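One chain, chain A, appears in both complexes that follow, with chain B as partner in the first and chain C in the second.
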Partner chain A sequence: MRRSLPAATVVVVGLLLLLDYVVINPTLAALADLLLELLVLLAAGAALAGGVALVLRHWTEMVGRRADPLGSVVLLVGFAAILIAGLYPGSSGSTDPAVRWLVAALLAPLIASLFAMLFFFLLGAARRGLALRRRESSLMLAAAGVVVVLLLPIGGVPGDWLATAASWTLAVPIGGVFRGLLIGVAVVTAVHATRVLLAVNGADE
Partner chain B sequence: MNEPDPRPWRRAALAPLALVAVLGVASFVRPGDSGGALLLANPDRSRVTELRVVLAALPDQPLVLVGLDPDLGTYAEIRTTVRAAFDDLRRRDARLAIVSFTPEGRAVAAAELDRLARTGFAQEALLDLGFIAGAEAGMVRAVTALVPVAAEGSLAGAVREAGGGMGAFDIVLVVGGGDLGPRTWVEQVGTRLPGLPIVAIAPTFAQPELAPYLRTGQLAALLATLRDGAAYASSVAAAAGPPNVPNESPERVPSALAMLIGMLLALVVLGRTLLASAWGGAGSAGPTETDGRHATRSPRAAAERAPSDEPVADGESAANGEPTGDGEPVEGPE
Partner chain C sequence: MPNLGELLGTLVGLIGSQFAASSLRLGPAPSIAIFLVVLVLLSLVARPATRWTTRDLGRLAMVPRAMALAAESGAAAAFSLGSAGVSRATSAFDRLQTLAALPVLGHVARTAARAGVPLRVTANDAVAVHLAEVTLDDAHRATETPERGERSRAEYVGEGRPVAAAVALTDAAWPAAAFVAGGLAEESLLMLQATADDADWTSAGTGAPSQAGSVLLSGDGALIGPELYQAPSDLRASGHDRTGVLASNRLILAVIGLVLVGSFAAVAAGVDLAGALAGR
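Up next is the complex of A and B:
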């Protein structure tokens, strides 16, 4: 019973939404809308619960001086700053100037800086990789070097050649591998979804 | 045998610091200094032409829905393209409604709405549809019910009169990079409203995923590389002429020279690391910590270190995934 109830819920909801997608019927559409509203509420509730759990966890770690108390303090201060800026009396929420300033002047530059340091992190990881698996890491570094060469922003005929080669590389080998991965993931997802819809698990096989 | 460096961290820290310093200097180089030998824009303008043809086919004062859900980390790559698209749409007297389905996207949307207002975009031609929760479920709901109850103004009224859903719009411009990007729009909105053209701007990493949708026509146009974005921004700037908005510097295309300097440095560092590995020496790499112990970077380094440093037991070394004394790296447990 404990296993079949969630499976039955998934089957019923999935079939209803699927039917609404292929059949034009006002009653069915209204039912599907109601289900979607419930899903949105569920997602909002899950996000809220996640936020509360995060705060509780870091509060506990900060008070108990476990793990990384300084990191917990930073997280809680940041959390509070955004909440206060977005919820103080008279605030206009996410469009409030205080929230916009926090995002534009602090959050966005911080995340962009972290992303800009990706090269250094990758280089560090590559060095460690060379120590452990020389062949694979060398191949990865060589491929990275080739990509950088192809993207060099130079003009003239060499630039045209590089741009053409870069487009071909992106469209053919990289695109092929990427699409193969996506198709594989899609097939596995479809199989898993079918198993859930049919309530099939390992014990049934 | 060489004397060990008593302060190896100095050498390890020098290269990254030098790289940061040069990149910092390079970032101040303006695009005008690049000269004719440097070119960031893609010489193949087919992607730009596709987008401009789609936009040119729009009716007068088109209603454009902008799905703004980029990732803050990669938004810097496409920001110039996105702002060029806004400029392009403004010149076509478009009316924009901006919606986000991710919190990050909402943060970017708030900033871009503020910028659009500052740069002279008519307030009555802008509609903030805010953040819609619920990810894909929220997007599906928004197909038929998009305008918030609190939304006011002539544009909100026009959308309500046309049904209040996404079908009221002439085109959708999706700015991707986050979890809910152009692919989700094609899957959730394109299948429900097949007559609604969707064009997309996305970072390069998303290009292999999105290119098939462009080929099938599910995306009417796609700009998903820095080069295509630069080509589009250049074409919009060339069509517009000098900026006429006071107190607002025009959005600059990234400097080709600054990028070239950074990329050449990256190549030098990559090449040095590779060569150091190929020659079997420690090369430029400083001491590397793995699980709290010093990891050898090459068989030769391992052979040199083992007698003078702590002895390396074969079993222990293999268990940690380090190269053993016979020169072959052994994979450790995952």
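Up next is the complex of A and C:
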């Protein structure tokens, strides 16, 4: 009973939404809209609960001086700053200039700095990949090396030859692998979605 | 109070009126095609295990050993459910990867529970965290180790993909075994490297083809593209099932090899290998 109720709910809701996609019926459409609204409300409630749990956890860590109290202080101050900017009397919410300034002047540069480290992390990942001595990693790095050579900014006849080879490599072998992965992922995604929809679970270990 | 006949008549009338008020959105052929696709998918999902298991996907067979080593050293294990979440504003394709990672989490959680290793699960989505908590509870119930449940926990790290990567980078924990499975995007390399650098053993998986390179370079084990969805089916299969599938796969390969050799011998040298084998 504990397992069958959620499974039955998933099956009924999933089939109703599928039926609404195929059949035009006002009653069915109203029911599907209601279910989707409930889903949005559920996600919003869960996000709110997550935010409250995050604040409570870091408040407890800050008061109890456990883990990283300084980090907890930074998180709580940042949380409060965004909330105050978006909720003060007369604020226009997420489009308020104060919120926009916080995002543009603080959040965006922080994210940009984070992603600026990607190049250095790529080098670290290449070193780690070689250290692990995995065949797939070595193959990928070798292919990456070939692509880098093909994309070298060289002029003249060798440059033209390299550019043609680079285009062919990207369009044929690399494109083929990428398309194969996409097709494989699409098929298993559909199968997995059906498994979830019908709550199909095999015998566990 | 209406009698049973009237009730039945009302019900039939209601269904009839609903049919009368309906029309097919896509026409007869596409509608039948959609239901046929569902039928085919049903026949596919009826399989308890993947058929063509030829290797240990994501090196997940090493999880018990990694947990045993973690138990010996007294360290914890870490599991990240990626950065796509379940109720976040990302594509359904990305979010489904989080659900596909849950059986992998279940496998890791059960192994950790048996070995007595605390498991810390992180996600940047509240619904995913709740699902992880349920998975952890289920693992301790299944392994009859409820007294160890308090030591494992699921944590919400905040909203956003960069947040998930930043938390992984600044995390001071030093897990013995680390796992990252689920939807990943441009932050994948940061998250995977931050996790892998601290751990003695790692396994990473994502269904996003564009992030395959990051997964290949970062983990001891890698689940790339369809493998993320395929691995849970193999995990569910018992030892006997896996052995049976592996043995029959080898037999099939041997037969294919024999057919190819026989065909080559027949074409090149006129040798009737099939006749000799069949005693003709």
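Rule of thumb we're sticking to: the second predicted complex is superposed on the first by the 125 of 205 C-alpha atoms of A that agree within 3 Å, B and C clash if a C-alpha of one lies under 4 Å from a C-alpha of the other, contacts with A are read in each partner's own complex, and residues count from 1 in each chain.
Definition applied: a residue touches a chain if its C-beta (ideal position, glycine included) is under 8 Å from a C-beta of that chain, and two chains touch if they have at least 3 such contacts.
Predicted, not measured: the structure shown is a model, and the values here were computed from it.
Peer 1: Once the structures are superposed on A, label A:168 by its partner contacts, choosing first (chain B), second (chain C), both or neither.
Peer 2: Neither partner.
Peer 1: Output check: A:88 vs chain B and chain C. Expected answer is one of first, second, both, neither. What do you get?
Peer 2: Neither: A:88 stays clear of chain B and chain C.
Peer 1: Going by the contact rule set out at the top, does A:121 touch chain B (first), chain C (second), both, or neither?
Peer 2: second
Peer 1: Where does A:68 make contact in the superposed view: on chain B (first), on chain C (second), on both, or on neither?
Peer 2: second
Peer 1: Would you sort A:151 into first (chain B), second (chain C), both or neither based on which partner it touches?
Peer 2: Touch partner of A:151: chain B, not chain C.
Peer 1: Given the touch rule stated above, what does A:26 touch, chain B (first), chain C (second), both, or neither?
Peer 2: The answer is second: A:26 touches chain C but not chain B.
Peer 1: Does chain B (first) or chain C (second) touch A:36, or do both, or does neither?
Peer 2: In the superposition, A:36 touches chain B alone.
Peer 1: Looking at the overlay, what does A:196 touch: chain B (first), chain C (second), both, or neither?
Peer 2: second
Peer 1: Report, in rising order, the residues of chain A that make contact with chain B in one complex and with chain C in the other.
Peer 2: Correct list for chain A: 21, 43, 47, 111, 114-115, 126, 128, 132, 134, 137, 141, 144, 178, 182.
Peer 1: What residues on chain B touch chain A, complex-wise?
Peer 2: 16, 19, 36-40, 42-44, 72-76, 106-108, 110-111, 113-114, 128, 130-131, 133-135, 137-138, 140-141, 144, 192, 204, 207-209, 211-212, 225-227, 256, 259-260, 263-264, 266-267, 269-271, 273-274, 277-278, 285, 288, 290, 295-298, 321-323, 329, 331-332
Peer 1: For a test of understanding, state which residues of chain C touch chain A in their complex under the given definition.
Peer 2: 18, 21-26, 31, 34-35, 37-38, 41-42, 44-46, 48-49, 87, 93, 96, 99-100, 106-107, 110, 125-127, 129-130, 142, 155-159, 162, 165-166, 169-170, 172, 186-187, 189-190, 192-193, 196-197, 207, 209, 212-214, 216-218, 220, 222, 224-226, 229-230, 233, 235-238
Peer 1: State the interface residues of chain A toward chain C in the complex, per the touch definition above.
Peer 2: Spelled out, the residues of chain A in touch with chain C are 18, 21-28, 42-43, 46-47, 49-51, 53-54, 57, 67-68, 71, 75, 110-111, 114-115, 117-118, 121-122, 124-126, 128-129, 132, 134, 136-137, 140-141, 144, 178, 181-182, 184-185, 187-196, 198, 200-205.
Peer 1: Touching residues of chain A toward chain B in the complex: what are they?
Peer 2: Contact set of chain A toward chain B: 21, 33, 36-37, 39-40, 43-44, 47, 94-95, 99-100, 103-104, 107-108, 111-112, 114-115, 119-120, 123, 126-128, 130-134, 137-138, 141-142, 144-145, 148-149, 151-156, 159-160, 163-164, 166-167, 170-171, 174-175, 178-179, 182.
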